[in-house]
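Shared between the two complexes below is subunit A, which pairs with subunit B and subunit C, respectively.
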Partner chain A sequence: MSSAVATQETVAPAVEEQDKPPKEPRGFNTFEFALMAPTLALLALLSLVPFFTLIAMSFSDVRTLGRIRLEFTGLENWVDVFTNPAFWASWGRSLIYFTSIIVLEMVLGFAFAVVLNNLIRGRSLLLSVVLLPMFLAPVMVGLLARFLLDSTIGLYAKMLAGVGFDTDVFANPSTAMPAVILIDVWEWTPLVALIMLAGLTSVPPSTLEAAAVDGAGFFRSLFNIVIPQMKAVILVALLVRSMDAIRYFDVITATTNGGPADATKIIPIRLYEMAFRFNNQIGQAAVVGLTMLVFSIALANVFLRFFGDREVARAHVAGGDH
Partner chain B sequence: MTSLSNPFTRRRFLTGAAGTAALLALPGCGEQTQTPTGSQGGGGDPWKQFSGTSINMISENTPPTAAIAANPGPFEQLTGIKLNIQQMELDKVVEKVKLDFSSGTAQNHVIYADPYQILAPLADGLADLKPLIENKDYPPVEKGIEDFIPTQMDALGKYLDADKIYALPYDAPTMILHYRKDLFEKYADKMQSDLGFDPMPSEAMTWDQYYSIAEWFNKNAKSDVKYGTGHQAKQHDSLQADFSNVLWAYGGDYFEKGQELGGISSEDPGAVTVGSDPGVQAATFYKKLIKIAHPSSTTWDWTGLADAFLAGQIAMCPNWHEFAAGEEKQFPGKIGYALLPKGPARRAHNFGGTGIGINGNAKDAELGAAWLFVNWATSPETQLMTLGSKVGGGTPTRNSVYELPEVQAEIDKSPSKYPNIRTAPTVLKAWEKENIGLRPKVPQWVQLNTIIFTELSKMLTQDGDPAATMASMQDQMQKAMQ
Partner chain C sequence: MLGRLKPWQRVLFLVLGILIGLWSAIPIAWMLITSLKPQEAIRTSDLVFSFTPTLENYRNLFFGGNRAGSFLVNSLLVSIISTFIALALGSLAGYGMAHWRSRHKKDVSFWILSTRMAPIAAVIVPLFVMFRIAGLVNTIPGLILACLTFNLPFAIWLMNAFFHQVPRSIEEAALVDGCSKMRAFWNVALPVTRPGLITTAVLCLVFAWNDYAFASSLGGPQTSTLPMAAGALVTQSGIDWGLLCALGIVIALPMLIAGLAVRRHLVTGLSLGAVTGE
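Presenting the complex of A and B:
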């Protein structure tokens, strides 16, 4: 008896094992990976090679005349950069700039998207008009701003003077940074609005109708139904804009060149100076570049933590396993 | 799904990628030395020996290059060489030249060799022109090297080794005083009675008098002009250029060896001296001057300042003399040019000239063709052509051009077919050894320049203390030189 039971117990798992589909090979040990390998190799070439080179440069004195030569200098570049108050001042300005544009662009972009989403007539036309600024090259936007705000010939400068604000905005450290922030917001809020609009249109109307039937008002629906369902879209907008904002360069170069009094010298401008203008500071520029990379990765992780839908992601992974 | 018999593993994949990275990170091979080549034929005409070759020139967008780019025909017909010219802002020229030198190639054969940003830090990347000048297979340099204005030859063509010539003087913008002659004449008597001295710009004018005149215009001539003076005080190279005139006039300089460093220069520039008493006095005066200047001065580089002058917003300003061509169009006969005011020590005119040289990586026919172009572009005939060009008008760097009867005849004419030549009497004096202002030719100049204009910008826009500004400048410059 006991042996029969034992036999049954040992047979049953064996049958279950036979019913299960064979375990699929995963990871690098697959045909799919082999198909992707050439592209991955190319990507590795384009990203890993510069990355490792950058790390090597950050520990070296880099000479470029004639041919590139790296002489190992240990932590010298890192110490020089991290003990330079101007480097931290640039990071401070970068954070002010970064926070300002992300907050303004996300809020304004969402507001535009809500308005556009609720329009019944003329939505396409208005959307086209709203999107226009983002089709301009940033350097063109910078030059336009410089000319429009030029105190000698600028239309906007005359208009501002007409309402009593006759300070040259790029001449004053307290107005130069807000000016370049607003220029960026003007250009890139439309992109955020477009992404948000795509998210808004994907919210099922039936859910909103059900909420309305249950007595939810506009703002309650917005904050309790729409925004939670748009977390993935908000994440995309945040990642796109923040990665771009960290390397903001063109507009400042075309308008203030980092001035006045370094008021707009954010970290990419300092990096450019060290790498391409100053003599033999490429090693230090590599250190600055690596700090930007670390900041980008950390920021992306923070955004993923707050806006990434981990449950959905886990469900996707689990579904994939079956 | 099918597994492969020889699968990738994570370790193998990463090992391969790292190996590839290490392989590609290995230093490339490059050659620096080029030997000048002989003739390639051309029926005995030395100008035709490289017919069929193409060369590239990279240059800042300056008047002589604009003039040649607008009319490359004479060179191409003379030599049969195809000439491609790229013009851009100086920062971009420096960046591209550095990349060209680093890659060990000669993407650009002829190089606009700014003495401070290219010649000093990258002299090893430029070809020595002396063997080419002396090579009998090439057409001789017309009227010889001696025809170039001597201070310019040293400042633009040589670096550390007096026996080597890296570039030939090509353009020579120099800061002089531009003023509205019509306004000065209109108000001369009243100004003289109010101020107690002759206000007409002359060699007797001091910086203090300049300040008084500017202030007088601010208070008494608003119906004709908004401000007496304007300056190129943006956080930019221009701010250093403008301030240096005052610094030198007050007896200050950036290094112990002073003006000597602007010539052939020295490997040891001596101690940084910008924070000395004359430096502080110069900064104190400059801050005072900018306070009464057009308020947008701190946003203007030289082009912004020239635009404001053309728009009639200011009565006078120190600016590069090559803006004269545009001014003559806007206010024919109404603009005067004078030496800059003098300070307690001297008068000084910041010299912004540049030579053209040849990429040291250029070889064979390209090297020869590039030399033919350098020789042609700096010849008296070409300089006369660029002087009269409708797209801007360069400035000759050769004495013989200024002595030509047709050039002499145009000096006092307005409008003139050579508008820039109206500044000739002034700039010829400005180029004299005691009047020229030369920045130090040291490899670290770009960084020093950034320190200088950044500290000055802080002083001007944040009401900084001049003594503290100059002390900070001195401290940072010393660190950069270590």
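Presenting the complex of A and C:
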């Protein structure tokens, strides 16, 4: 698999487009916009309407018994959520969870990619095997982990017991968080490895050979030549994983469901509990949802700045290379 | 990479490669093995490695008291229809966006991307209220719409990235030859992006098929999908691991095959078009 970093470098060269921008019709009264309009209308229904509903809910008491009713209560939900120490504790745990999975996945994913890239034979087969976990349903991954770690019949639990680590990992507050982190790392490190591998294979071999001739060792080449050339790809992996880290919570739902003693109650789990288990708190859940949205909107901004508008991004990458 | 490797380095990378393969494969292999075990071989505290393979668990899953067949139908309906809609609308809009020039293009891009990135939990809450008002809770159309909340922006974004890779000269040649813009899209650009179209379809299918959060909070007994059935197998009285592993294989197998079939383009798809893999 030969590959290249960031579409903008490989797509049709910028020069072609710069020759004739005035020819392109602009604005909303164009064929191009007409193609987009029906889709954007549906997207508005599925994205903008829920967004404004969420905002309305955050200022209301939402009654779900019988007919749905929103009763305006002003800032009450906001005050309740922001003065609730459990809310901040959940965000704190979320930050620990996000940071751990992202750091582990970036480091391991890079290591996986280096190993795969240095295999002379069997690289393609091994890559296929390595990628398998990320196609599994996250809820199933959680249940599979429960099976493997089951203290009476689990395969991994027995291996752990064999090295003297004999405990029910999901029942113990000090091991539950590391366990759910490792489950996510198991499922999603392959994705990071795949992205990193695309970056690694795009480093020109001639540069590396020149470095080798000059006597640069493995690690020096890695840190002085390879990693600097992979900056864009590393950023992509980081952004894509950060986005999904806050999106998904199925693994935790399927394993600890926030427990034991709130040890794994990250923010989406708390939101879910507020909205669906104690159903008088949907308004507060909306407030929590809005705080999560701020996080993902910030990510979308960073992503767009670097990789979104291709004309701008191309210039940026070209500028960064010199 | 990194110049020529010494023999001991080659061996080291080979050993590490095998370890990485095992790390990924063992849990899945164990799920497959367990799904083929007779009940006695599962419900014992010893690890059983030699047993006569049986399809008993699969038979129980589909023909016993577990109505996995109807869950399978629900899963297929929701994931295939939502993928089809996302792909049809997404490629139209993705193509339009690849050529559209406007001051507001950045805002539209941002809107689409942030919709895809929106946390599931934060989307479910307003969707639940909207669906209750519209009577869409526990209906198949409701679940299809729920899957479209993430697959529609994903398909637009990704098809846009794939259409950007089509050399402009091909389309311009068609337009100069008197082709209408619609035909330039349908007969020129769309066939060229076929790999992109297939990749987008596979990834939409995987996301919809594997969804649990939307299905469990907006669905219900009549619309239970396979991942929901997996969640429901976990009861207070214990878990039938053989049944669960069989269900796990039924959920995983089609997606593993579909995913590996588009492996060459996966990196483009999963990085939202920011990295190309060829």
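Just so it is clear, the second predicted complex is superposed on the first by the 247 of 322 C-alpha atoms of A that agree within 3 Å, B and C clash if a C-alpha of one lies under 4 Å from a C-alpha of the other, contacts with A are read in each partner's own complex, and residues count from 1 in each chain.
Note that a contact is a pair of C-beta atoms (placed from the backbone, for glycine too) under 8 Å apart; a residue touches a chain by one contact, two chains touch by 3 or more.
For clarity, every value in this text was computed on a predicted model and none was experimentally measured.
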Next on the checklist: A:T83 in the overlay: touching subunit B, subunit C, both, or neither? Say first, second, both or neither.
Outcome noted: neither
Item to check | Partner, of subunit C and subunit B, that touches more residues belonging to subunit A | outcome: C
Next on the checklist: According to the stated criteria, A:I68 is in contact with first (subunit B), second (subunit C), both, or neither; which is it?
Outcome noted: both
Next on the checklist: Contacts for A:V49 in the overlay, against subunit B (first) and subunit C (second): which applies, first, second, both or neither?
Outcome noted: both
Item to check | Touching partner for A:S206 - first (subunit B), second (subunit C), both, neither | outcome: neither
Checklist entry - Now for A:R247: first (subunit B), second (subunit C), both, or neither, which partner does it touch? => result second
Item to check | Which superposed partner A:L155 touches (first subunit B, second subunit C, both, neither) | outcome: second
Next on the checklist: Quick check for you: in the superposed arrangement, does A:G27 touch first (subunit B), second (subunit C), both or neither?
Outcome noted: both
Next on the checklist: Touch test for A:F170: subunit B only (first), subunit C only (second), both, or neither?
Outcome noted: first
Checklist entry - In the superposed arrangement, which partner chain does A:N257 touch: subunit B (first), subunit C (second), both, or neither? => result first
Checklist outcome for this item: After superposition on chain A, the subunit A residues reached by both subunit B and subunit C are 24-25, 27-28, 30-34, 40, 49, 51, 53, 64, 68, 150, 152-153, 276
Checklist entry - Hey, which residues of subunit C end up touching subunit A in the complex? => result 1-5, 9-10, 13-14, 16-17, 20-21, 23-28, 30-31, 34, 42-45, 47, 89-90, 92-93, 95-97, 99-102, 105-106, 108-115, 117-130, 132-133, 145, 148-149, 152-153, 156, 161, 164-169, 181-182, 185, 206, 209-213, 216-217, 226-227, 230-231, 233-234, 239, 241, 244-245, 248, 251-252, 255-256, 258-260, 263-264, 266-268, 270-278
Item to check | For the subunit A and subunit B complex, residues of the former touching the latter | outcome: 24-25, 27-34, 37, 40-41, 44-45, 48-49, 51-53, 56, 64-70, 150-153, 167-168, 170-173, 256-263, 273, 276-281
Next on the checklist: Taking the touch rule as given, give the residues of subunit B at its contact with subunit A in the complex, in rising order.
Outcome noted: 1-4, 7-10, 13, 16-18, 20-22, 24-25, 27-30, 32, 91, 94-95, 98, 101-102, 104, 121-122, 124-125, 234-236, 294-299, 304, 307-308, 311, 313, 443-444, 446-447, 450, 454, 457-458, 460-462
